[in-house]
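Okay, so chain A shows up in both of these, paired with chain B first and chain C after.
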Partner chain A sequence: MSSITDIVNGKGRFVDDISFPGMVHIAFARSNYSRAKLLYVKGGYTARDFPYFMASAGEGATEEDLSLRAPVLASKFAAYLGEPIAAVTGKNRYEAEDNLDSVEIDYDPLKPILDPVEALNSEPVIPGVKTNIISDRYVGKEFSAGEAEIVLEDRLENRRVATNPLETRGIVAAYDGTKLTVWTPTQSAHSVRDGICESMNLGKESVRVIQTDTGGAFGLKGGVYPEYIVAASLAMKLKVPVKWIETRREHLMASRPGRGVVGNMRIHAMKSGVIKGISGDVIVDAGAYGGASWSSGWIAFQITGPYAIPNAYFHARSVMTNKVEQGPYRGAGRPEASFMMERMIDLLADEIGADPLDIRLLNAAKDKFRSPTGMEIEASAGFMARAFEKMEYRRLARESKPGISCFALIPAVSDGESCRIKVERGRINVWLGGNAHGQRHDLWVAKLLSGKFGVDPSIIELQLGDTDMLKEGVGSWGSRSAIVGANALLKVADKVIAHVKKDKGAYTARALLSGDYDEYEYANEKGMLISFCANLAVADADAAGNVRVSKLKAYYDVGKALVPDVVVSQIKGGAVQGVGQVLSENIEFDQDGQLMAASLSDSGVLNSVQSPDIDVYLEEVPSRFPHGAKGVGESPTIGVPTALVRAIERSAGIRIRKTPVSPEEIVNARSRVK
Partner chain B sequence: MGSTPGKFDYLKVSSIRDAVKALSEVENSKVLAGGQSLIPLLKTRIMTIDLLVDIGGIAALDSFREDNGFIEIGASYKVGSLEENRSVSKYIPALHEAAAGIADPLVRNMGTVGGNLSHADPGNDLPPVMTALDAEFVISGNGNQRVEKSDKFFQGAFSTGLSHNEVLTAVRIPRNGGNATSAFMKQAKSSGDFSLASVATVLHLDDDMNCLSSRTVLGSIFPRPYLMKSVDSHLQGKKINTGLLKEINNIVKNGISVESDFFASAEYKRYIASYLVTEALALAYKRAEAGLT
Partner chain C sequence: MKNVKVNIKLNGRKFEREVEPRTLLLDFVREFADLTATHMGCDTSNCGACTVLLDGKPVKSCTVLAVQADDREVRTLEGLGEEPLMKRLKEEFIEKHGLQCGFCTSGMLISSYSLLRKKSDPNEKEIREAISGNICRCTGYHGIVEAVKSVKGETAREKLPESPELVRR
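Up next, the complex of A and B:
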């Protein structure tokens, strides 16, 4: 991994910095329509050359159910705008893009179905299937409204958000006749390898995936994409190295964005504010094909969050639309779930005229609690009280109109992580199964390991992901790395120490560095590690509907903050994404199904001038793991949007049901209230 | 889906005559100024071009001249220079505000006054200001020079009175005499920074602070800058106060006919236009009262 100094000075080694003699560049001809029959495709490399399908068809799909598997290259039907149809190559990027003129595609455009609610009952958005619903589950337990004195309903929505890392997707692939080597920025070299192997039916030993310096990922770079399969196939077919670098327009159109969920929620409560139950529909805009069936049930599972709500019952469905497949975006279901819960709890507070904090404290878990969906949390009431005390909610509430939020973060601890430590010539190299993509895993690796080994941190180096250097690996996502990665790291360090003891009788740093050691372990992990977090925001909306965020605060239980600066930076960066989701980020289509965002700026990513600062308070209650850390990476994208939406709604005197909320929507809602 | 331009030739010229000649010789050619609008069009291959005529080497065009009757701004004068120009911020606050509100310092340091006007993007911010300032557009073509006013220069969205082989060389702003004041305000789209609506107003006041004359221009809402005569005639002879602004607000709201599009509903466009007009007038008037101009 390049040093931070090199990266800041423009000397990182990103995938687009890789160049080989004879390397060709790939460009893609993509569907100009959100839904169309393809009458013919001529020129370039097409599905006839590479008749592959993407690995996963999602839950419920059978092996034979090919209709739900996304083709690597569309041949008869285009299911979303920007779907790859043909690939061309050129000596450089200019030539490759010139050669796109050689591809001819004849379309028979059909009316696209872009709205997931419409898609529930509409004709199928792709051929060969009977329904657009790819996941349909009831989560929790049915209950009767019986004793509840108040039942409130609302329709809530998070529109889709592009992941938009500064570095887009990209790949370099080379084939030496026996082995395919792939360089790519990724959150998981192993998952890219497995995806390629599964699609192309290759043995794992014949593919090596090497991570390059990775300029952000946010969920985007967890897996494999059609373009990667094409690049791998072309490298093998042409026997020259190939490169594909995604443009921003391609990113906005055809990489997997996150969010995209509608919730029809019902909250059942007593006049006292005690919540008796929550129920409703969760409808996820899964996009085309069957890959994104995962999130509706996952959202429903965690809606009750940090509250002890005795009844919960949800109908969770993922529905195909004529858009690119949905993917995980920082938070991946957690922000959506929290949006549903927090919006409904604020609605209830307004209905009974209660203070939003009082009503949260009233419904917080006073003891260990197992939700009707099976989510187990510790007592949250004490945490909430401390959080809002520290963030000075009561004082701020007297002088302004703060919005608040509370949530329970569920990191993706399950399945654990792998680690390898290699000591050689006085230096220590480390590989982790979860690949850092900008979070500075290198700092906690050096800190924990130098402490454990009693050596200078400067001789410890975290390496980029590499499937040939590490047998197995899971990935870096779901707020998991410092939890399971550090756990694996410490386990392997113990192995190394034991080995040194066995060799030299006793462990000393000198004994360690004078020998050669190479240890590996896959530290499996089951169960959950839930932590509580809270946010506060103050904002005002002016007469034109423009929002100014004047205060953001976070109070998070992060367990032991392994490297406090890094934890704070994670929260600051995520807060900017949270604010962006509320104010401006969008990938919307016009009525003709054409995407209106063509650049980073169009898609509403905030720049530094537009980004508010956030005051961060850490509560460090150690976790059950030896390093004491809990999750943090996703927290700001969960808690900031909900608190900010509430602050805007209080300032503008309206009800907000959707992110993003535009100035126009604020003005319109205000004029309806008046 | 590209990010590189198709093939083109590139010529850097050092005189206006050479620029005109080169443009005349190649049919599918275009002036390249700061490139901040043109290059993105080429890179996305929305547009292809045979020849780019770079006028950045014509030193005389990167100029700012104050005369008795005029301020003359050369076409290659940078938006960033305009933002930092003290005469501009002192005497023509509307122009300073418009320049300072364009994109980010990177774009402003490359983008030119001439490019911003010649591109005639309805979302650009200098066209309404120049219209409100009643500026003259100085145009050089084959052996001749002509001067046009805004109503002839801006002809529609991305369309001007420039013929293919003509170059905009400068804009001349008549010097504000006596009690003149101005203001510019914009409402950006909810993402990015391009205007959804903008308003530039220039007021001339008598010694008692009554409006002698004014030019109030709506930008972005229509394909070209829209001079709101009904607003200006209503202002004539009056002091600006809350009551008058309420009337003006109604005049704008009821006086413009707009259509909904992807970015905003007709209702919000009317709302924001009338809001910006009253805010800009109030600001300009406040400036005059404070003797700032």
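Up next, the complex of A and C:
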């Protein structure tokens, strides 16, 4: 992995920096329509050359229905705008794009189905299936309204958001006659390998995936994509190295965006503010094909969050539409769940005239609590009281109109993680199954390992993901890396120490560094690790509906902060992504299915002038793991949007039901209220 | 269209190449000179990852043709590496967590450097405005602003050696 010094010196090695003699560049001919029959496809490499289907690998991988697998290249039918149909090559990017002129595609455009609610009952968005509903579950336990004195309903929505790392997707692939080597920026080298192997029916030993320096990911780079299968296949077919680098427009059209969820929620409560139950529909805009079936049930599972709500029952469905498949985006279901809960609590607070904090404290778990969906939390009431005291909610509430939020973060700790430590010639190399793409795993690896081994941290080097150097691995996502990665690291370090003791009689740092050791372990983890978090926001909307965020605060239980200033930096960066989701980030289509966001700016990513700072307070209650850490990466994209939406709502005097909320919508909603 | 000859003084060295007229300065720098600090992030001059100095002024090299830089001076991050001001900026970017993934960093450094050369003690608003053409998706900008704030005074006033005068033909 390039060190931080290399990166600031411009010596990072990102995927587009990799070049080989004779390498060809790939460009893709993509569907110009969101839904169309393909009458013919001529020229370039087509589905005939790559008769493969996409495997499900990486974050959110599912045991999917084979009839719902996406083809690598569309041949008879295009199911979303930007779906790859043919590939061409050229000696550079210019020539490859020129060669797209050699591809002829004849379309018979059909009316696209873009709204997931419409898609519930519409004709199928892809041929060969009976329904658009790819996941249909009831989560929780049915209950009767019974004694509830108040029942409030609302329709809530998070529109789709592009992940938009500054480095887009990309791949370099080379084949030496026996082995395919792939270089790609990724959250999980092993998921890319497994996806390629499964799609192309190759043995794991014949594919090596090497992670390049990774220019941000946010969920985008956790799995495998059609373009990667094409690149891998072309490298094998042409026997020259190939490269594909995604353009931003391709990213906005045809890489997996996150969010895209509608909730019809119903909250059942007493006039005192005690919540008796929450129920409703969760509808996920899964896009075309079956890859995103996972998220609706996952959202429903965690809606009750940090609250002791005795009844919960949700109808959770993932529905196909004529858009690119949905994917995980920082938070991946957690922000959507929290949006449903927090919006309904605020609605209830307004209905009964209660303070939003009082009503949260009233419904917080006073003791361990198991939700009707099976989510087990510790008592949350004490945390909430501490959080809002520290963030000075009561004082701020007297002088302004703060919005607040609370949530329970569920990091993706299940499946554990792998680690390898190799001691050789006085240096220590480390590989982790889930590697860094900006989170500075190198710092906690050096800190924990130098403490454990009693050696200087400068001799410890974290390597990038590489499937030939590490047998198996999971990946960096779901706020998991420091939890499961550090756990695996410490377990392998114990193995090394035991080995040194066996060899030399006793462990000393000198004994360690004078020998050669190479240990590996896949440390599996069962059970969840839930932590509590809270946010506060103050904002004003002016007459034109433009929002100024004047205060943002976060109070998060991060467990033991392994490298505190990195934790704070993660929270600050995530907070701005959360603000972006509320104010502007959106991947919108017109009614014909054409993309409205053609550039990075159109898609709503905030610049430095638009981005507020956030005050961060860390609570450090150690977790059950030996390192004591809990999750952090996704917290700000969960808690900031809900608190900020509430602050805007209070300032503007309107009810906000969806993100993003545009200035026009604020102005229009205000004029309706008046 | 016929190839054209361009002659660019790149980081103090002359680079003469026959290029297609459509060749972007970004690709000239990356492909012909193999200087990969300059990144392509968006193709539409929104993100600023491709920022370089053209005759001392920051430009987005994804929307400048190589022929437009003919007979002019271009500096990339690699060519500013030993500048005392740039060195200080880099140290502070590391110290203040002005980067996470690092993909925007070269462009951010160049925009920050340009600001500090014009104004050695900018306030927060001026810093945020100066880097508003550079998108960072990771840090929320806070660490970047703090890094720029902490580099000021004497170092910032130092002259760029062989400081390029604006060469207009």
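By our rule, the second predicted complex is superposed on the first by the 663 of 674 C-alpha atoms of A that agree within 3 Å, B and C clash if a C-alpha of one lies under 4 Å from a C-alpha of the other, contacts with A are read in each partner's own complex, and residues count from 1 in each chain.
Everything below uses one rule, namely that a residue touches a chain if its C-beta (ideal position, glycine included) is under 8 Å from a C-beta of that chain, and two chains touch if they have at least 3 such contacts.
What you see is a predicted model, and the numbers here were worked out from it, not measured in a lab.
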#### Entry: chain A: partner with more touched residues, chain B or chain C
C
### Message
Touch test for A:L166: chain B only (first), chain C only (second), both, or neither?
### Response
second
### Message
Looking at A:A506 after the superposition, I want to know if it touches chain B, chain C, both of them or none. Which is it: first, second, both, neither?
### Response
neither
#### Entry: Which of chain B and chain C A:D17 touches, first, second, both or neither
second
### Message
So in the superposed three-chain picture, is A:G216 touching just chain B, just chain C, both, or none of them (first/second/both/neither)?
### Response
second
### Task
Examine A:N9 and indicate which partner it touches, taking first as chain B and second as chain C; both and neither are also allowed.
second
### Message
With both complexes overlaid on chain A, does A:Y94 touch chain B (first), chain C (second), both or neither?
### Response
both
### Task
Considering only the touch criterion stated at the top, classify A:N607 as touching first (chain B), second (chain C), both, or neither.
both
#### Entry: chain B and chain C footprints on chain A, overlapping residues
93-94, 247-249, 598-599, 601, 607, 609
### Task
Sort out for me which residues of chain C touch chain A in the complex.
20, 22-23, 27, 30-31, 35-44, 46-47, 49, 76-78, 81, 90, 93-94, 97, 99-106, 109, 127-129, 131-145
### Task
Can you check the complex and tell me which residues of chain A touch chain C?
2, 4-5, 7-14, 16-17, 92-94, 164-168, 213-218, 245, 247-249, 437-440, 565-566, 568-570, 572-577, 598-601, 605, 607-609, 611, 613-614
### Message
Quick check: in the complex, which residue numbers of chain B touch chain A?
### Response
1-7, 40, 44-45, 104, 187, 190-193, 262, 264-265, 267-268, 271-272, 275-276
### Task
Would you tell me which residues of chain A are touching chain B in their complex?
27-28, 30, 82, 93-94, 97-98, 100, 247-250, 253, 543-544, 546, 583-586, 588, 590-591, 596-599, 601-604, 607, 609, 660, 662-664, 667-668
